[in-house]
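Down below are the structures I want you to see.
Across the two complexes that follow, chain A remains constant while its partner is chain B and subsequently chain C.
Right after this comes the complex of A and B.
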């Protein structure tokens, strides 16, 4: 691990217990300098505790934390070049926008002229010029978030932490803020670490991510890598996967599934387990190729236009009684119309079947 | 939709009447132009004017005000420090529950028990130092002991309502302890501190039992003066004095109520 100390952020063997609840279990994490990194996990997985330990608001029971090659494990929050955008924003209700943003600079006895220049710059970057004298309760949710961001970034931290940055925003603001956040990070080059339980947020914002559960990191990698090949059922479901299929080995690369015999390119280590296929990887054709692996006859149960294509719900057509059969969701990009009740040919490309690990907790 | 329920309305009005009629009667007799009797003989402010000519009353009023101001100042500082200390220091949860109980207890313990305890304590302490001879000092100490609880309770609830978010934000934003207190904690709890102070001030001003047991011959307060005068019979001057005190103690309560409603 010591050869990695020059990473942006490095957590080594961090553990934390509250009473008899193990919030973090011997957790390792490394974040590159200047990237947006997401820690994704359900509530109670320990992600917020990890964030608080990095911020210095909580001390780990064991483990060490390095930021740009310097150990910060025991530094108090006020002594770390790390700033946080809190989930609730935690703006000072009695201070106006200017004073909120200036707080960190004034706390470090920055000369007044410098404070005014820096606060002015960051507020104009955040398109908040003109609102300096507003109190937090006079701001909209989006404006509050921008003040919280400005208040943190004006200090030019080496690391910015964001706790569920989108959770308090209306749906229509989220996409806009996500774009702004990405642009801002690119411009400033600051390392961003954000925690969230929303896989869409993780997908849209981060270069790389770690999926956490029960105080550990279950999977770690580039956003694309983790989303295309979740390692187990927990990660797959957490990333929004619905098409998880039982499979058992027949011979070679061929597996028996409720949808017929499927060949899989990425051969699993097990004989009986689960595999995943993403809705946009399933192909819908006019007719199935008879008696070929990876093909089966499907029956369309429902379909909804989603703006770009069709969200299709289908099941295996077993001639009449299809009621108890497992269902699949498919994102069809075909402009051709598909009707409910229509019979179609369905194809699972072998390279897009993802085997899932059986054990839920493994590194 | 509110139902028409005459009985409920009557009981409500009757209860309010029960609460305020005695005070209203005192206020009425304080402006009645008759020394004796219950008959209305016209409006006058002469009883109020006479109050200010009575040296004993003026002295008692000064004693009461000095006592209330000083004890409130001391109790507000100590009570606020106690409330902050209880929240900030990492006390074990079990100990914190004990502390909570200890803060609430003085509010419900009968005054007479506090008063007797204080009298006994001062009787022992004055053997060690003449400072503890019954007088203004023992009155102030006595009042502070019961005021602290009230201040702490008000400030504590204010702190709890604020939550930890802003504290953590201040720490995250490089604030030293002093900067944090001066620019975040104090301004945010100030309405609570002032409300607690107003409450403590009122409690001191109209306290009788504890004052009675801890005062000396040179430190008669207004309630004690009123009590002593009543033994000689009711007089319109006492009505006037009581009415003044009523007004004086109501104002801080109204201010306190306004303050706690802010934010």
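Right after this comes the complex of A and C.
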């Protein structure tokens, strides 16, 4: 553990109990300096508690927290180089944009000329120049968020915490804000740790992420790694996976599934369990290769154009009535049109079948 | 267009355009009279007319046997200002000032107590919170006279507080803790605390705690957290609380009558005396008008201060605090 102390943020064995609810159970987490890290989990999983402990708004029952090699476990919120962007933004409603942003500097008795220069700089970085005298209720959602960001970043924190940063924004603003956040983080090099329950947010913003449930980290790794190989059914479903299929061992690498016999490259540790295939990994062809592993005849139930390709719902074509057969969702990039009711050949590439561990909290 | 469609079977002919009851101005006006009339009548009969009567009464004089002799004299106002038969003595002005002071002190004490109280209640879990609210509301429903008598019992010579004070040598042995300022303030604050706590609680309950945490996160001291995060959010409840505490405590006479001695006479007691024992209704009316004027003046000042507050740019406030 000591060799990791030079990480950006390091949490060692952090536990926190509220009454008889264990919010955090012996949680370890390390975040690299200068990355955007996401803590992803359903509500009540303890992610907000973790964020509050890192911010200094809550004390852990046990465990230690290090930031850039310095222990901050017992420091008060005002004593640590950490600032937070709150979920509701928590702007001071009676203060204008300038005063909101200047708050932290003024509270630390920074000279007025320095305050004016710094606030001016950060507001121009946030493209908020000219709105200094506006009150929070006169701002749009996106502007409020930029003020909240500016108010935190003007203090030049070593770590910026963001609590569900997109949840209060309209859908069309989210992509824009996501791009801006990434650009901003790159420019400043500050470590960003954000907490969310929205896997899309995590996917679009972070380099690495941790999936949490019931006070523990279930999976940890690069965003790409976690999304392509979720470790168990909980993570898979939480990341938005729908194609989770039962499988049982036949022989070697071949498994029996409701869609026929499937070979799998990544051999699971179990004989009977569940595997996952992402919708964009399934291939749709004119016809299935007869009697070959990983191929089956599919029947298109429904299809919707999603802007880039087709979202296809299909099931296994078992000749007669296909009702009650398990369905699959497929993202087809083929320009060819696919009609509802059409018969197609479906192929599961063995390397894209992901075996899922049984749902257990053990690492 | 008018000529062309005239007489022709246009789309409108053949059926009557439906007129809702509120589409004609007459109907609207009738509805307005119907809605606003009763309250206006109420206010006229029970507020405007009595005020005018009070004004007229204040200009009258007391007859030999306590009857009202209508005249048009400023004698009562002169007397109130202290110009009596034996030269100038500002006794009545003192009483008015003292009332103002007691009301202000009561209000300030209530604010100081209500903040911790409401924060305590608002942070309790569901059922405990209801229990605490009931504890606040029950005295609120209890008659002021009953509560003042309760204080007489508590502060009486045989009760523990007085015995303790006597044992400590603070008061004479066998004496009570009333009459006196302590008893008056205890009575006043216990009477008016619910008036302050309930409106304030409504604000505290809806507090956005994230703003307090944001202040903490941004290095604010305790005073700054209160001034910048709590006060702005609870100001609506606080304003209502201050008004509903200050106004009736200016006119309070029951508590001071029972718990205060002759030295703590307030304008409320004086007015009550004029209308009852002294049978000097005209002077009582003049005093009532003075009280009303004083209260309205205070409220007007409060409002003006609120309006003058700089529109959000509180850099000055912050640096002054820091």
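FYI, the second predicted complex is superposed on the first by the 362 of 363 C-alpha atoms of A that agree within 3 Å, B and C clash if a C-alpha of one lies under 4 Å from a C-alpha of the other, contacts with A are read in each partner's own complex, and residues count from 1 in each chain.
Criterion: a residue touches a chain if its C-beta (ideal position, glycine included) is under 8 Å from a C-beta of that chain, and two chains touch if they have at least 3 such contacts.
All values reported here derive from a predicted model rather than from experimental measurement.
Participant: With the two structures overlaid on chain A, would chain B and chain C clash, or do they fit side by side?
Facilitator: Aligned through their shared chain, the two binders clash on chain A.
Participant: Determine, under the contact definition given at the top, whether A:96 touches first (chain B), second (chain C), both, or neither.
Facilitator: Touch status of A:96: second partner only.
Participant: Does chain B (first) or chain C (second) touch A:274, or do both, or does neither?
Facilitator: Touch partners of A:274: none, neither chain B nor chain C.
Participant: Classify the contacts of A:47 with the two partner chains as first (chain B alone), second (chain C alone), both, or neither.
Facilitator: The answer is neither, since A:47 touches no partner chain.
Participant: When the two structures are laid over each other on chain A, which of chain B and chain C touches more residues of chain A?
Facilitator: C
Participant: Once the structures are superposed on A, label A:135 by its partner contacts, choosing first (chain B), second (chain C), both or neither.
Facilitator: second
Participant: Does chain B (first) or chain C (second) touch A:155, or do both, or does neither?
Facilitator: both
Participant: Could you look at A:118 and tell me whether it touches chain B, chain C, both or neither (first, second, both, neither)?
Facilitator: neither
Participant: For chain A, which residues belong to both interfaces, chain B and chain C?
Facilitator: Residues 55-57, 76-78, 82-84, 86, 88, 90-95, 103-104, 106-108, 151-152, 155 of chain A touch both chain B and chain C.
Participant: Using the touch definition up top, name the residues of chain A that touch chain C in the complex.
Facilitator: Its residues touching chain C are 55-57, 76-78, 82-84, 86-88, 90-96, 98-99, 102-104, 106-109, 112, 133, 135, 151-152, 155.
Participant: Quick one: in the complex, what on chain A touches chain B?
Facilitator: That would be residues 55-57, 76-79, 82-84, 86, 88, 90-95, 103-104, 106-108, 151-152, 155 of chain A.
Participant: Of all residues in chain C, which touch chain A in the complex?
Facilitator: Answer in residue numbers: 208, 210-211, 213-221, 224, 228-229, 232-233, 311-315, 318-319, 322.
Participant: Touching chain A in the complex: which residues of chain B?
Facilitator: Where chain B meets chain A, its residues are 165-166, 168-176, 179, 183-184, 187-188, 263.
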